[in-house]
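In the two complexes that follow, subunit A is the common piece, with subunit B as its partner first and subunit C second.
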Partner chain A sequence: MLFQQIANGIATGAVYALTTLGLTMVYGVLRVLHVAHAGIYALGAYVGLVAFRFLESFWLSLLVAMVVCAAAGILVERFLYTPLLHLPRIVPLIGSIGLFIAMEEAFRIVAGPYALAYETEIRFLSLGLGPLRLTAPQSLIFTVTMLLLGLLWLLLSRSTLGLAMRATAMDADTTATFGVDTRLIVSLTFAIGSALAGAAGVLIGVYDNQVWPTMGSIPAYKCLAIVVLGGLGNIPGSVLASFLIGLAETLLIGVVAIPFPRDALAFVAMILVLMFRPRGLLGKG
Partner chain B sequence: MLSGYLVTVLITIGIYIILALSLNLITGYAGQISLGHAAFMGIGAYTSALFYTKAGLGFWPSFLLAGLVAGLLGTILAIPCLRVREDFLAITTMGINFVVEATFLYIPFFGAGMGIGGIDLPHFFGQEISKSGYLALVVLVIGLMIALDRWLTRSWIGLAWAAIREDEEAAGAMGIDVVRFKVLAFALGSAGAGLAGSLYAHFLTFIMPVNFSFAQSMVILSMVVFGGIGTLRGPIVGAIVLGALPEISRPAMEYRTLVYGLLLLLLMRFQPGGILGEHSLLPRSWRKLCTAMQNGKTGQ
Partner chain C sequence: MIPLLEVRNLEVTYGEFAAVRGISFDIRDGDLLTIIGANGAGKSTTLRAVMGLLRPRSGQILFRGAEITREPAHLRARRGIRLVPEGRRILPDLSVEENLRLGAYTVPRPGDVADGIERAFTLFPRLKERARQAGKTLSGGEQQMLAIARALMSQPRLLLLDEVSLGLMPILVEQTFATIQALHRHGATILLVEQNARMALAIATRAYVLETGSITLSGTAADLAADPKVKQAYLGG
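Showing the complex of A and B:
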């Protein structure tokens, strides 16, 4: 029972990590709270489902969903955020909320208000460590997440492109004076972050066996809390906070059974941490 | 005589005007982003409902206590908000909204998921007032809010808020007590939301946690930014237009939320100051028209 809950917590944390990574990367380069990120996540789930019905391959549909989401992310960045950067922070934030509402409604109108079944036979090995066993879908989520996190880490820390991305996040103006096309870097960051969100959407669709129009509602705001908890714009902090919240949710609610809504827990944790560390768990200063 | 339906719509819009004006104090004048205004509306509504149904107080004391309790809690909850800024503040206030809603939803004292029922319209000289009478009360509260708004913006408080909004460090360096004025903005804004919540509870006669969710906060904030944040006319017009929109577009019910989302998106993209903001297209063209007409007159 306990180990089963820990396994659930790890799977939940992995999906949070994939979703929040994109958010934190986007915040790093543009300093906008990208609420519509969860719209991209839901888009990924829908695209993944449609692609799966045509291609009948999970891995191919995952790839298609990531590519489509990357393109959508670039569109959002070019159309919505970049033109609004010089305005007060509330302007892109409200625009993003508007976009998110519109996206959810578009999914409902196009695909119908009901959940669509995501029927996949996943043949995947079941990972385990001692008494801790992950089911096949949980192993899949965990493996894909770790794989993508590893790739991202390699990209950011071992390549010139990653160096340019980190430099742009730190100080875009100075980076531009070194001959880096920071606009391109910002778009690329959006593309990568959105692709990760798309992958998270597909994984959740497979895990829950369904895709529904408002599936992004809770991640939209909970992931913001997790990002803040980890220290806005701090990538290792986001990953740490994602797994902490994933485990805390399943253990406190599932095992200790405290009478509290699961989805408000992240916010309580965030407010408590901000009282003592106003820049988040791993934030500087 | 106004029809019952129209009065109901007008009261709802009126309550939204109070909410938008009170949020405008915090976000518009003092420049502190709040994404959790509905939490204070909820605190007011629940305070009023509990005093009315459980403590047996009348409408008027419950109404005033609602404003007081919401103002006090707004002051207390402003303390974690003082430690954080801008984006952190936005998410902290959002978190407060989720936590407050969860408290109403999970604690049996607050009626949990069932909400609280049996809250009546106020009595006046021993008789329950009519819907039109209630509308008059709402309009009276709006009038008081407008007067407060005018007084604040013309006093030192308004100046101090503007200074903090434009540049917090500079305001502090000029000797403005930043903490005090920020807390004052949260206290006044939350008290206004509490009064609106009380009016809302006694009008609906039945309240549920979902009435005070984060989505409700977004509706209020949308009204403020739609009309023009930081102006007096903006939130009022925003509340009227967005409040009436669902009533006018009943046939297009299916696409209502889509239109709402797109409206916010396009407005922020092309008219970030709102339709009636200081530098927006409409007021600019209006001023141009006025000058042109004046020039025309003097030219003759």
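Showing the complex of A and C:
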């Protein structure tokens, strides 16, 4: 029971990590709370499902969903946020909420109001350590997440492009004076963050065996809470906070069985962090 | 001969306030030009407009004969213009070495980047000791060294220096000016903007005096240093 819940928590945390990473990267370069990111996540699930029905390959459908979401992310940045950036910060935020609602409605109109079955037969090895065993779908989620996080880490810490991305997030004007096309870097950051959200959408679709129009509603606000918990714009902090919340949710509600709505837990954590450590777990003072 | 940089009737405004009011000047290869003036005279604004961080209201900026007035900063950087900004603007969470690597962003060959880092460490051995430290942990003097070294990584055609002596201890001011003079002797073309008029005029070849957004005097650095008006206003009588 306990180990089963830990396994659930790891899988949940992994999906949170993939989703919140994009959010924290976007905040890093534009200082915008990108609520519509959860719409990209749901878009990824839908695109993944359609691609899977045509291609009948999980891996190919994952790739297609990530590419489509990357493109969608660039469109959001170019046509929604960048034109609004010179205005007070509440304006792009309202734009973002509006886009998110519009996306949910668009999914409903195009795909219908009901959940669509996402039936994949996952043939994947089952990972385990001692008494802790992950089921095949959990192993898949964990493996894909770790692979993507590893690639992102390599990109950011080992490449010139990653150096330019980190520098742009710290001080775009100064970075541009060294020949870095910071507008391109911002778009690229959106593309990568959105591709990760798309992957998260596909993984959740596969895990829950369904895709539905409002599947992004809870992640939309929960991921904001996780980003604040980890420290706004802090990538390792977001990953840590994601796994903490994933584990806390499954353990406190599944094992300790406290009578508390599961989805509210991230907010309790966020409120505590705002009260006692406003810069977040790993945020800089 | 075409000047390296030519600025014609440059006007830069912040809202209603005209910070730079139609100034013209040029820099030739090998010049060490200085623009001196009081705080708020428009010196930093001029440099930021040349780098492309501010949009001029009117006027023209030409680099090696090509008009760059509307070109974004990163393309000007690729033409070989580098700015050491006021306040140094070290990227706080990047290490010293990463700051230098960013300075070499336009350098295509990894071998040349490595050579550049070696040159920077030879020029400022202090930076070598601190290579792995985050930029924000450096002292003000070390940050200034890093800001200059970072701007030199791409071997720029034109180096813009904005108030490099500001906030440094007197001994470090002397060292910084000695470094600038050495760079100039090795062939660098430099536009130096300074409140420390005495030091700037001592090492410059030519000079302009900027007062409330307009150029009021120009000439060789030696002539300006001997000018009674300059002496009285900027050199403490």
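The criterion applied here is as follows: the second predicted complex is superposed on the first by the 285 of 285 C-alpha atoms of A that agree within 3 Å, B and C clash if a C-alpha of one lies under 4 Å from a C-alpha of the other, contacts with A are read in each partner's own complex, and residues count from 1 in each chain.
Going forward, a contact is a pair of C-beta atoms (placed from the backbone, for glycine too) under 8 Å apart; a residue touches a chain by one contact, two chains touch by 3 or more.
Quantities reported herein were computed from a predicted structural model and do not represent experimental measurements.
Of the two partner chains placed around the shared chain by superposition, subunit B is the only one that A:Ile90 touches, whereas subunit C remains out of contact. Judged by the touch definition given at the top, the superposed model places A:Asp171 against subunit C, while subunit B stays out of reach. In the superposition on chain A, contact is made by A:Leu80 with subunit B only, not with subunit C. Of the two partner chains placed by the overlay, neither subunit B nor subunit C lies in contact with A:Glu56.
Touch criterion met: A:Pro278 reaches subunit B, while subunit C stays clear of it. In the superposition on chain A, A:Phe100 contacts subunit B only, with no contact to subunit C. Contacts of A:Glu119 after superposition: neither subunit B nor subunit C is touched. Overlaid on A, the two complexes show subunit B and subunit C touching no common residue of subunit A.
For subunit A in complex with subunit B, the touching residues are 27, 31, 33, 79-80, 83-84, 87, 89-95, 97-106, 109, 221, 224-225, 228, 232, 259-261, 263-264, 267-268, 270-271, 274-275, 278-279.
Remark: subunit C residues 51-53, 72-74, 77-78, 82-83, 85, 89, 91-94, 98, 101-103, 105-106, 150, 154 touch subunit A in the complex. Of all residues in subunit B, only 27, 33, 80, 83-84, 86-88, 90-92, 94-96, 98-99, 101-102, 105-106, 214, 218, 221-222, 225, 229, 254-255, 257-258, 260-269, 272 touch subunit A in the complex they form. Partner subunit C is touched in their complex by these residues of subunit A: 160, 163-164, 166-167, 170-171, 173-182, 284.
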